[in-house]
Amino acid sequence: MDPKEIIARRVAKELSDGDLVNLGIGLPTLVANFIDPKIDVYLQSENGLIGLGPIPEKGQEDKNLTNAGGQYVTLKQGGMYFDSATSFGIIRGGHVNVTVLGALEVDSEGSLASWIIPKKLVPGMGGAMDLVVGAKKVIVATTHTNKGNPKIKTQCSLPLTAYKEVDLIVTELAVIEVKEDGLHLIERHPDTTIEEIINQTDAPLKYTNVKPMEVKS
Amino acid sequence: MDPKEIIARRVAKELSDGDLVNLGIGLPTLVANFIDPKIDVYLQSENGLIGLGPIPEKGQEDKNLTNAGGQYVTLKQGGMYFDSATSFGIIRGGHVNVTVLGALEVDSEGSLASWIIPKKLVPGMGGAMDLVVGAKKVIVATTHTNKGNPKIKTQCSLPLTAYKEVDLIVTELAVIEVKEDGLHLIERHPDTTIEEIINQTDAPLKYTNVKPMEVKS
Amino acid sequence: MDKWITKKAFINLLKNHQSIMVGGFMTCGTPETLIDWVLESEVKDLTIICNDAGYPDQGVGKLIKARRVKKLIASHIGLNPYAGSQMSEDALDVTLVPQGTLAEQIRAHGAGLGGILTPTGRHTIVEEGKHVIRHNDQDYLLETAIGADLALIQIEACDRLGNAVYSKTARNFNPIMASAANTVVALTNHQRDSIDPECVVTPHIFIDYIVKEDTHGS
Amino acid sequence: MDKWITKKAFINLLKNHQSIMVGGFMTCGTPETLIDWVLESEVKDLTIICNDAGYPDQGVGKLIKARRVKKLIASHIGLNPYAGSQMSEDALDVTLVPQGTLAEQIRAHGAGLGGILTPTGRHTIVEEGKHVIRHNDQDYLLETAIGADLALIQIEACDRLGNAVYSKTARNFNPIMASAANTVVALTNHQRDSIDPECVVTPHIFIDYIVKEDTHGS
């Protein structure tokens, strides 16, 4: 299975009935494909809607209906539109249950770097800083390494998106919980070993009872 | 002519085409009756509308449509409703051209006391503090005295509604402009004299060319 | 997720010493049925946050008259003599707040802001004990966010999920209070199959429970 | 009071060194026709306040590519390489602001607030040089209000007075920008006889001038 699909499938299991969820651009967007159809999850897009539906069929695109990545989307029954101040009021005010976003680096304290590589890549933080500070639960969904270079570190070296806000890290290899005393490895992909995970992680990992990661269809 | 009508008629002449105007409870409400029909003035009510229309006919009252005094009102064509945060955003943000309100006391610096007589009358400030601070032009519409006791003073003795915000004072005897150097008597009612006005005012009045107050129908 | 509840479930949400926001402006847009149920519940020592103190027999005024309120945060209490008299005898702790400041404090809490800088109340007794912060040659008071345990709001209609619209000036404080309390209960006059997505005033995610007006006494 | 203007009257509103807010999110909800007219006008050294830098040939990106912008306040510039390259060569002064903070700063100006306290950006480079204020055991950054000389917004429809509604996610920053500039020009797709008073998003008093989309080139 594609690493991205493994991650998206596992993240989807974190969502509960009634949750308001914001999925970041890129990999996190895939999570929508794997949400348990038996529960009602409401997707927010910070550019101004709740009730994000699937990509429209070809020819059905509406230039006034996009997600925060600028892609054409649809609105589900029961969804609605609002302005940017309202949208970030929802985000900052703790009304978003779960936000899922990618990382350049994430560290033992739950700090996240995701928006800038000084002098190389300066796209801007967009809504990420508000989402990470405001959402009740912050899930980082990322490949375990960047072409072999660990993304999970003792301390982020890049400028932060937010300090001590991440709750859970989901990669194609492992599920790691961020607690007061550091990172706890709680699940591993059945095809890998704890040793392999430790080798690809640049931070101490605590573990006692590591369960197999659920990634079935 | 009734003193209140004199005041309301004179205040109405301060309004210009396109103005957004907030009329306080009581005497200021009467101003609406005397607005030049050739101009478009939009009345705001801080409980949540722009486009205040006349009192409804008997039997046509809607319990969900009131003004800030709790009276049943109507909405004019082109009017709209909004919540209290939006309403005071409009007020505080300088989008109201003129606010007209009553006074317990008003002074030489343009400070106003209108909301409390300690240990006697403690109704609360309602929206008055925001209106006086936020509106571009603040007109105090009041009888010249309270049963002979001057309301216009060198300095307010009661707790303030706002400090140095009043622009114009309109009474049944006079029109007084508040400037950096104090109060300027600019108009007097034809039936009174400058001396009578000075006698009933507890603050110095500057004057050079005092015009007759326009109070015709 | 069924948000639609009856009187009994509503009363189970109530506790002594709760802070409760109540929508309405001089009782226009106040959920009277919910207030009646609070009265029936016997909870007391409440903190009420409301634009005003209502009238003796309308709105939060009923709770004040029945001496169920320990603290009141409002912009105006002049139409309910019980509020004034209980304040004089120190039975009711009243904090008077400029109406626009109250609205922003409530909105701020709902939007996750710690507070706002307002020019309203400078050089008045409202300024006492507050930080004054200068910006662009103007002084502002720092007014901090106000939240509550519970918000009781009146809506005109909503869909099954709770997407809400209001009626005319009954909107007032209701939408901002819906964002600023841990638990939000809406009293609705009507249920509709759907609400135009462009016209939803309060998105369903803000509303925890809904009571339909005609479930009176059920 | 006729607010309906043509291209010529619009161009007369423009000046060098103006600060201009432009609505839109990745150009969804951006008034492209008005931007084209700004390009035609030859004004320069503009300060642009916009959610993002647009694309090279869309939205405010066109103004950046044409080097008419001296300063840009935005939350994201990643889709317009001209923004990044001009920033590197010090030809464009870019201030990056968290999107929710930018929205509140603009709203604050429109609502007469000096600023707001937000938890966003604490312990990041956004915090540099800002006041940190503690409230209820949490640290907040004091972020001050942002206004502009001119706001250019896209609306879907309005009545004769300018009561405006938007279309779907093209709403975004447009309503708050309509409140925060000295002069507000709306580009509308449609004029309607009336707008439902319950569904007006931007009251007419915020809009100074209206351009109808089909007056292109007139």
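Letters A, B, C and D name the chains as they come in the text, with residue numbers starting at 1 for each one.
The working rule: a residue touches a chain if its C-beta (ideal position, glycine included) is under 8 Å from a C-beta of that chain, and two chains touch if they have at least 3 such contacts.
What you are looking at is a predicted structure, and each value in this text was computed from that prediction instead of being measured.
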item	value
Chains in simultaneous contact with chain B and chain C	D
Chain pair, A-C or A-D, that carries the greater number of C-beta contacts	A-D
Whole-Å gap separating chain C and chain D, where each centre is the average of the chain's CA atoms	33
Approximate Å spacing (C-alpha centroids) for the pair chain B, chain D	35
Centroid distance [mean C-alpha coordinates] between chain D and chain A, Å	29
In chain C, residues with contacts to at least two other chains	104, 107, 111-113, 118-119, 166-168, 197-198
Contacts with two or more other chains, residues of chain B listed in rising order	49, 75, 81-82, 85, 88, 91-92, 133-134
Full enumeration of touching chain pairs	A-C, A-D, B-C, B-D, C-D
Residues on chain B engaged by chain C in the complex (per definition of touch)	45-49, 62-68, 70, 75, 81-85, 87-88, 91-92, 111, 121-130, 133-134, 159-164
Chain A to chain C touching residues, read off their complex	17-18, 20, 40, 42, 49-51, 75, 77-82, 85, 88-95, 133-134
Residue numbers on chain C that touch chain A, as the complex places them	1, 107, 109-113, 159-161, 163, 179, 194-195, 197-198, 200, 203-206
Chain C to chain D touching residues, read off their complex	104, 108, 111-119, 131, 133, 135-136, 138, 140, 142, 144-145, 165-168, 196-199
Of all residues in chain C, those that touch chain B in their complex	25-29, 51-52, 74-79, 84, 87, 96, 98-101, 103-104, 106-107, 118-126, 156, 166-176, 201
